[in-house]
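A single structure is presented below for examination.
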């Protein structure tokens, strides 16, 4: 026996002889955090071709955002080019220009930052509310649960698009973050129901009861025992919420129910559609915003598909070269990537 | 018979579940499940008590009530003389957190007893953070490594870094036991803690629990459906076995008495159900008239076992037997059966037939 | 079980009530919202100020000068007791909103319900085949196609369809419910023409919506194929078709079922954009028209109508779910702390 | 591979010698059954050359720890090894009124007819063995229909079976699986598995999820069922004492092989393999002295990496060079009792069995002499 023990006032005193193994400096701790929360998840994410492509696509959009933000590419202005230039003809405007002579490529790039802000704020808003409501209702149970789920039922019963249309056309928001939040104003409702159901099944696990018996506080149980086990589900739905924001916002800009902004894919789409891209044969003008929307959406789907693996400790340990699982190779629980997608 | 004050005292505990109304449940009939009815039991310091019964007999509910996880609908649960639920509401001298820390649990299913997303080390830090918030991480790790070695998981530094899926079922249960012990509890509820393990691993786990019981001076409330495991555990821990049927304790006594000389017909049934390697001892005929346990929503009148009891007579339907100390035995052993009364009308009434 | 129906019906009524209350809140409190906007509009039209409140009440069922509680009561009672949604201010002056909607709704329902039925059939058939040939080329290709289609917003596909099939190739009409030359009636030509006009909107919904559900049906099926009861069924010698239908299909379709009725509400909302693109005169187009001129009674009417459809859809889904899944939850009410 | 230690074993006719000789009429013969899986880490052998013959109308219990390959044996007997496992060897079925059937050479349709009608099976999870959206009755009906049985007569038999199993036939038939308790469901499954009146019933941990009282009740009912339907039963479990009361013969499985087989009484009282003896001593018994209970040290091997020679040697107290070098064949302590161990005599001499002491000493629990009764033939 390497250890010895003596009784002290609290009944226990443990020493572990190999104490040099126990000692941990701040530097080592930082290193451990890096390994645990950055290196290994990254390793897992990168190991899957779907996520690799997904990240590459999303990275491209981030690059666009940076370019637009630092004006590394000229912003769109009227008459900067000849009107109605066809694509791939002029070196200065590769994707051609529109009826008022704006560079299409510039329109695409400069629409990106606002779009990304909108997407992230909308999705974060939807997910945070849904997770808080869903886990709290599921964990607390009883009347709190019934009340929250009644609210969710009402929220779910309000049709998203018409509500958003009413709100945007009266409030006329211009801040992209606020637009994002309005778009997901009732997105949380359906999602919180699904998260509650997941929480209920996680709550059945006896480690949650063990934490309660140890007197661990409710928020701590929620953040340590419940939410980490929901993470695959949450990330998948985060990505789905992102996609919902893209769909809705472009649609709203297309319909013209959001205050006109110079550079937005939806606005470009509308202009192209109504101002004769179809008749004038300038397909790139019409296709450019469509490709921008689809590619981002596709990238997000691909990330979502690989995301559940990042949070699966089995995959993590296997790729990090730690010892194999003991109880055979139980199937890795696949999350339904498309649950709750539109 | 012990003289000291009990550690935990259950008095006439009653747990009735109700399909309680939710926010909009105005129309539901309340259906009451009588999980535990009128159970009294004292558990002492460094005591070992085993509750034995079939599924649905309320033994888990009783266990959870004993450690303050389930509020009794009647009767009281007292920890060192303080009512647990009064303390919880803040009406007692002892702060509830002290009681909370003193009563811990080990669950049945190794698969769900540990959070799959945390390493062993971080799982075992939780109890230390609860009881010793002032302790440094290194001190905690020291204790964790030392305890892991003690439960036979060497090298401890290796095991501490593992995730639950990298442990076998037996190892998971050891971590669960360590987690409970790090709270330095006075009593641990072992709720079928060994039932999910392979038969050949059960003795090992019980030995470990008993070994650590001495070192940590804790009591065990051991719940099992297996009389031979209960006997092994309580005999070694110098404790008692309680037979439980449909929410009621029907017989309590020392292990040798209960297993070798069962007084209640239900304990006899449990004995019959326990496999015996001595084939000549194994009786073939079922000492029971029905196989399925009645619905606890509507338990039988009188003695609740009368619907299945081979010894049941008319009187058993009418009246509920009270605990009766077994005569001619100088140890604490009682059973709730009319056959323990010498002059009861039971002896005159008609045997029940199906 | 009867109790469950009563309870669920009660829940539906309460939900409806709550949703209409929210609609009232939107009408009354939204800054620059219906009541304010209408007042400004009427003042601009030089309507005498004493008449304005009356007019507003006529259109919106709310008298802005009355105490809030009275406004609320009159609004709610108009909807629930009189079945009235107010009157149109601009797009069809003075016409009751219910009348406008009643005329437009069947066309929208035609598009929506045909789409729902079609894309669910496609999802189940393709999903089942993908699961059956799991890992095959068919599976891979169809998964990829489904993912790509899913990442297209339905209205984007609609635009592309209108552009290519409508304008470029002139294969399909790009507006209206049926051709000008055709008399409405129960004739074959009329029905065919209606389908012809609805084909593109329906196609853009079906193509963008089936993929998600096909992939999820595939996932469910594969999971169920691994269940013990399927293995036991094989050992019992049941035929492949019986196992596919009653064991795999029947269980895999359960998660899709609730989505089936829920998508009704979602698609009804989606028609707002769809009908605008195809210039298809349903309630969505009315909604856009009304929104453009701020005809609030019509806006709120469509809003409430779609909401009701959604609430009823969820209600039917809940009630009938027990019929197809015998394990219907009786509700977990255990209280944690 | 016989050695000088052994005088009774034979190399050539192993399968014949380990069955009861007086009435040798096997209904099923399993020879050299082997199941392999190709895995990234190498070939995984989850059933390793198993010989087993089932006598007509006997109950045989197969005992093994989790992961010892015992479920694979059950699957192999119906030629239903889960994909992508490869089953090799011979599985033969000898019906009373027909010619011998070689299961592994049957067409899909022939196999479909043999399964459930001749050789039936009960799985561990009764909940997951029923389709949750079908009533219990529908399960019975479809089984009868698909095997072209008269449904009316079949349902009559089902009712009878259910009431024999202490169930209310109408209530159970009209229920959905989730409406029944675990014990009821398991009994309904038992009835479903014999409704076509098969000859052989293979049961894989049929009672594992139930409490002991229900397990014993079901075992008792199985015994009655066996008698009234002339069934041959193979009962697989990790719980040795449980099956001991039911089985005529028992086989012990370790690391994907059968290491000992014999009549139940011989196996309990004269266990010859060190593993069997350790297993017996690790099980709490109601009457055994408590101090002698001992767990088995170490863990059972991984299927990809089974030790050379005798697979038990890393855990065996009697292991010697030859146990590592060569794999022991069956030795025969008695004509119907076979053991795959070089040192079975030594094991019997040096490892005493707890449960026997209780019987002999009746109360006095201290006894350290060896158990002579086990050593004699």
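Going in written order, the chains are labelled A, B, C and D, and every chain counts its residues from 1.
The rule is short, and it goes like this: contacts are C-beta pairs under 8 Å (C-beta built on N, C-alpha and C of every residue); 3 or more make two chains touch, one makes a residue touch a chain.
Treat the numbers as computed from the prediction; the structure is a model and nothing was measured.
Participant: So which has more C-beta pairs touching, C-D or A-B?
Facilitator: Looking at A-B and C-D side by side, A-B shows more C-beta contacts.
Participant: Farthest chain from chain D, comparing Cα centres?
Facilitator: C
Participant: Roughly how far is chain A from chain D, centre to centre by C-alpha average, rounded to an integer in Å?
Facilitator: 52
Participant: On a C-alpha centroid basis, what's the spacing between chain A and chain B, in Å?
Facilitator: That pair's centroid distance is 46 Å.
Participant: Can you check how far apart chain C and chain D are, centre to centre, with Cα atoms defining each centre and the answer in Å?
Facilitator: One centre to the other, that is 58 Å.
Participant: Express in whole angstrom the distance between the two chain centres, defined as the mean CA positions of chain A and chain C.
Facilitator: Measuring from centre to centre gives 26 Å for this pair.
Participant: Send over the residues of chain C in touch with two or more other chains.
Facilitator: Expected reply: 11, 14, 333, 335.
Participant: Give the residues of chain A touching no fewer than two other chains, as numbers and ranges.
Facilitator: 142, 150, 212
Participant: Spell out, as numbers or ranges, the residues of chain B touching 2 or more other chains.
Facilitator: 20, 22, 24-25, 168
Participant: Which of the residues in chain B end up touching chain D in this complex?
Facilitator: Touching chain D: residues 54-56, 168, 198-204, 206-207, 225-229, 231-232, 235-236, 259-260, 269-279, 281-282, 284, 286, 288, 290-292 of chain B.
Participant: What part of chain C is in contact with chain A in the complex they form?
Facilitator: 11, 14-16, 18-19, 22, 26, 30-33, 37, 147-148, 150-153, 155-156, 159-160, 163, 167-168, 212-213, 215-216, 219, 226, 262, 265-266, 268-270, 272-273, 276, 287-288, 291, 294, 299, 302-303, 306-307, 310-311, 314, 332-337
Participant: Which residues of chain D touch chain C once you look at their complex with the stated criterion?
Facilitator: Answer in residue numbers: 78, 80, 82, 112-113, 115-117, 121, 123, 125, 128-135, 142-143, 146-147, 176, 178-179.
Participant: Touching residues of chain B toward chain A in the complex: what are they?
Facilitator: By the definition above, chain B touches chain A via 20, 22-25, 67, 69, 97, 100-101, 103-105, 107-109, 112-118, 123, 126-127, 130-132, 137-138, 141-143, 145-147, 149-150, 156-157, 161-163, 165-169, 171, 176, 179-180, 183-184, 215-217.
Participant: Quick one: in the complex, what on chain C touches chain D?
Facilitator: 227-229, 231-239, 242, 246-247, 250-251, 254, 324-327
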